[in-house]
Amino acid sequence: MFMNHDAELVTKNNKLKLKQKILALVKKDVLLEIRQQYSFYGILLYIIATIFVLYIAVQEPETKVWNGLFWIIQLFICINAVAKSFLQESKGRMFYFYSIASARDFILAKLLFNSAFMLLMSLMSLFLFSLFLGNPIQKATQFIGLVLLGGWGLSLVFTFLAAIAAKANQNAAIMAILGFPIIIPQLLLLMKLSNSVFSYSSSIALPTVLLIVALDILVIFLATILFPFLWKD
Amino acid sequence: MKKIITSLFLFLLLLKIEAQQEVQMADEMNSNGKIYVVVAVMITILIGITLYLVRIDRKISKLEKNK
Amino acid sequence: MATPKDYMQKQWWKILSIVLLIYTFIAGLLMPVPRIPQLQETIRNLYFHVCMWFAMMILFTISVINAVKYLRNGLLVFDIKARQYAVVGIVFGLLGYLTGTIWMSYTWADPNNPAYASFSSIAREPKLIGAAIALLVYFAYLILRDSIQDLDKKARISAVYNIFAYTLLFPSIWILPRLLPSLHPGKEGNPALNFNDISPTMRLVFYPAVIGWTLLGLWIATLKIRLKILKEKIILP
């Protein structure tokens, strides 16, 4: 009886610790971001510059082109925003994390932070997109929901790929090579879903949304299982 | 009456022929036996590749034994 | 020196592969096939083209199994196996892609329709996109391998990518055909083809053909693996 209770307490304690650890790691990432603001502003400038170039090139495109461009830009923003998350960590610092946190906590913290970061960037790019390239969206709240969902999915996949790329000679180009084939289906799903927000008549297909969520959960699951193998050196 | 039946029969026959002609197959090639030429060529190529694979297999086996 | 009998007992599957392939070539060309408009006599391509996809997927699956094995016990042999199976899988995939484009440009695609004149109109086919994604994943796998110098690190990281990409590949191959308009027969069912479409006589050839081609792929892969192991004898324990 006691043993059981003890064991329960221990697991409870561990769970608490896990949560705290992950939060601490996320906090560290946030603090880093605030300290080294150049990277944050760098991404921001990247978004503004790309969208401005697009504005000069196509001005107000029709909805289909708008949709396609938006998601492609989203993809590139995600690669740039997430790539640094592992590339910025120096070898010594990684070693330090290795000694204080477990691999699973570390990757979960990274996934959490990058998701939040990407959600912010998605909203920013949506705002700039509708500012510069016109606003063909009829159902704004639904589209914002989709943008957040898409940004989340993209950030999850690329966070894990960034972890792989960081091990492969810190090469950011390899991340794109590894990521594109995997992300194509998800992008297609998102583009197809968001086509429906441009008119009042069509509605968003709920099964497809659930499918994307399921894919995201699968990515998180795989990341927590596989990351420990990348971690040890 | 007989005429009608025969014409109906002819009509059905015509339909059947037409239905058969709809999908063109290489029936002639099958009937005059030229298809066997194709089979022979393909089998020869297959056997040639197989013999090559067997030779490589043997060579590797030999190398493995020498180690 | 192994006696011929020993050899036969160990190598029976290679002989089976060749026997099945010879059967495929003979029966595949001579057996009657259903008369389907548009496809006509080209339906016999089923015994050759579709088998490439099956062989590719089976080889990739074996590659992933070996990647998992490597992560579990860290023996470099499994890494060599994972890589060679992936390479042979790529070869079969490329053959499938090529034969697929040839077959479809003469059957579903209307040659008189100018919209089908370019390669891009054919490559838009969701099945081909799915196959292209699978190939791109494994090309990326090979590039990733080459970019890392350290042997153990290379093996570990590429195994991780192999598992990750393969697991995400399956939902995508399943999703894509349901998303995009397709000309491919059996588009609502199995990604490769709808098995209800094939007549029973065709099944008599098709299943042996799949086994035969897959075994041939396995044979080539094992040859490559043995050669590689001989070459790397020094680093292997």
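Letters are used for the chains, namely A, B and C, taken in the order the chains are written, and counting of residues starts over at 1 for each.
What we mean here is this: a residue touches a chain if its C-beta (ideal position, glycine included) is under 8 Å from a C-beta of that chain, and two chains touch if they have at least 3 such contacts.
Fair warning: this is a prediction, and the values are worked out from it, not measured in the lab.
When each chain is reduced to the average of its Cα atoms, A sits farthest from chain C. Relative to the whole-protein C-alpha centroid, the nearest chain centroid is that of C. With each centre defined as the average position of its C-alpha atoms, the distance from chain A to chain C rounds to 32 Å.
Our note on geometry: chain A versus chain B, Cα centroid distance of 54 Å, whole angstroms. Per-chain Cα centroids separate chain B from chain C by 24 Å.
For chain C, the set of residues touching two or more other chains is empty.
Residue ranges on chain C touching chain B, taken from their complex, read 14, 18, 21-22, 25-26, 29-30, 35-37, 40-41, 219-220, 223, 226-227, 230, 233. Across the interface of their complex, chain A is touched by residues 71, 129, 133-134, 136-137, 140, 143-144, 147-148, 153, 156-157, 159-161, 163-165, 167-169, 171-172, 175-176, 179-180 of chain C. Chain contact summary for the complex, chain A toward chain C: residues 157, 160, 164, 167-169, 171, 174, 177-178, 180-182, 184-186, 188-189, 192, 211, 215, 218-219, 222, 226, 229-230, 233. By the touch rule above, chain B contacts chain C in their complex via residues 22-26, 30, 35, 38-39, 42-43, 46-47, 50, 53, 56-57, 60, 63-64, 67.
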